[in-house]
């Protein structure tokens, strides 16, 4: 084992890590936003909406993320062309991001739904008694309470997403894992770079999960 | 109905007649997209040494095909009057390159893509840029001399290549009982070979020389076997886009005519190349000389 | 959209031997199921063992189990797979390494790597479920058993585990389904499971949308039927008298 080539490769690895983090941040933001909308649809009293959201969640929860990534990578530009009638350049980054947002939304939806359901009905009734509309109740009362409760779960899911971003390797996007692998391949030290990548992932996600645990204790007081 | 087709006919006739006058102004297809977005997206490879690969800078592909690709970018700048045309790079693999050209992600892919009739149904090819034979890379001590020696052995090839199809078909037709591993890219195929998982790696001969350059001990390896096919590489672009194809073809042909190609060839096949500074020593074959003297966009099977 | 739809593509010849594309999908599905089931056996056995270790009154035992869980949960599955597939065989003693790499069929050696990888990865998750299940039981159960003269192994064997497992069937079900989905990573090391066959079909036939649609459908149906099956199991073994029973 010879790890001496790693320091020289750090700048390019760092660039890969930045891409990984971008995927993570945008993926979580988009996923939570879409997931919340889906959760409200699922809880709505309109059967059409709740069934639609239910189907969406079941659909994405039954297929592998890797399949979604590959699928979207090929299909998104085709679909965009179908809509706009022109070639729209969509890079691997965008299509992977779309895949993560749509896929993770199904998981975030379930977390948000459970969070909303854990809020006592009285809160809703009280807000309505004050003359708030359904939307206002949700936005001003229920969701803030629910998000406080489910923050640890959302963060845990985000750590899982952090690890899952490595799957973009399959479509050749240069994230952290792929740049480590590609450097290792060119230099002829694939093992060393792979071990290094594994260590970095471990340190980051382990410390993040420790922080989440601490936060969880604070929030549940 | 009649009137309609008559009208249509007239319109077409007018369009055809006035065609040349318009053509100079009216951009279509890829050219239009490039002009409007100010960006051209080039497909490149990860480990197709020395055609298109990443050596030191992970954002900057290099290689023989890449240099030709840049010639096309120069031509595009002139043709469209866009001196600061932006270039965007998109990494492709053997398996993703065709769908990505088709679906509009990549405008032009110059790597190590074989022009063949089957692919011509899906994409268009520029004039040929290289000619190779598909052979085997193996350890000097492995005892493998030709394809017949592979019966019952583990053989690796890269998924999505012509070699993969040839090898799988050969295995089925001749009932050789080979175990075929399809790796994701040439780098991974070579890793399988180097780590002893496969006794041989079937691929385009020149790429095999490229892999040897990267090996820990380049002298341990050798390229053997009767070529199973001869293949002409071309740059890939979207089908039915003659205006763009013309720009690409002209740029490459001009590089051939001016003799610049010799310097580019020399740089990548007869001089040391990154990342390890080793030399492929792959002198220009008769077929390649012919390809440069008489540029053609036909595939090897059509010749 | 210049794309030629052709839903009959699955019955067309692949050009290799006399196989049709549907054969590829079936072969791929076979690999996916084989991978998932064998990995699940490892995950369930090892995960239960670790889960028990995490709850026994012994610092060393629970320390080991905790370390295991943290390592396997915090390294991405794909990195783990590459380690098992590319690195671990190189660390084996020479004769074993040669046997693994050269004598074994490459599909078999890839299969073994994926099974071990998925099994150990999922074991960390199963362990957490088992621990939660055991800790959810009233403390009085273990105390009562001890008072009756049960040894520690007997307490786990006859009192805690039978109840814990029945409580945690829903989360275990979702881990079981995850293993099917996670097995798709095998496609990245060249094992021709369902996703790899789909990609190959897309590439050979140029009918990308059809191939991916069929794959999606197969995963969806597989997942749904396993879920229904597990719901049935859950009902059968539900612990009477608990809140969750009869609720929904």
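So that you can tell them apart, the chains are marked A, B and C in the order they are listed, and the count of residues begins at 1 in each.
Rule of thumb we're sticking to: a residue touches a chain if its C-beta (ideal position, glycine included) is under 8 Å from a C-beta of that chain, and two chains touch if they have at least 3 such contacts.
It should be emphasised that the depicted structure is a prediction, and the values quoted were computed from it without experimental measurement.
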{"item": "Pair of chains joined by the greatest number of C-beta pairs in contact", "value": "A-C"}
{"item": "Greatest separation from chain B - chain, by CA centre", "value": "C"}
{"item": "Chain A and chain C: spacing of chain centres that average the CA atoms, whole Å", "value": "22"}
{"item": "Centroid spacing, where centroids are CA-atom means, of chain B and chain C in whole angstrom", "value": "39"}
{"item": "Inter-centroid spacing, chain B versus chain A (mean Cα positions, whole Å)", "value": "36"}
{"item": "Shared-contact residues (touching 2 or more other chains) in chain B", "value": "99, 102, 184, 191"}
{"item": "Multi-partner residues of chain C (each touching 2 or more other chains)", "value": "3, 86, 90, 188, 199, 202, 208"}
{"item": "Multi-partner residues of chain A (each touching 2 or more other chains)", "value": "74-75, 78, 81, 170, 190"}
{"item": "Chain A-facing residues of chain C, complex", "value": "1, 3, 70-71, 73-80, 82-83, 86-87, 90, 177, 180-185, 187-188, 195, 198-199, 202, 208-209, 212, 215-216, 219-220, 222-224"}
{"item": "Chain B - residues contacting chain C, complex", "value": "95, 98-99, 102, 121-122, 154, 159-160, 165, 168-169, 172-173, 179-184, 191, 195-199, 239-240"}
{"item": "Contacting residues of chain A [partner chain B, same complex]", "value": "12, 15-16, 73-75, 77-78, 80-81, 86-92, 170-174, 179, 182-183, 185-188, 190"}
{"item": "In the complex with chain B, residue positions of chain C that touch it", "value": "2-3, 15-17, 86, 89-90, 97-98, 101-102, 105-107, 109-110, 188, 190, 192, 196, 199-200, 202-204, 206, 208"}
{"item": "In the complex with chain A, residue positions of chain B that touch it", "value": "30, 33, 37, 39, 41, 46-47, 53-55, 57-59, 88, 90-93, 96, 99-100, 102-105, 184, 187-188, 191, 214-216, 238, 275-276"}
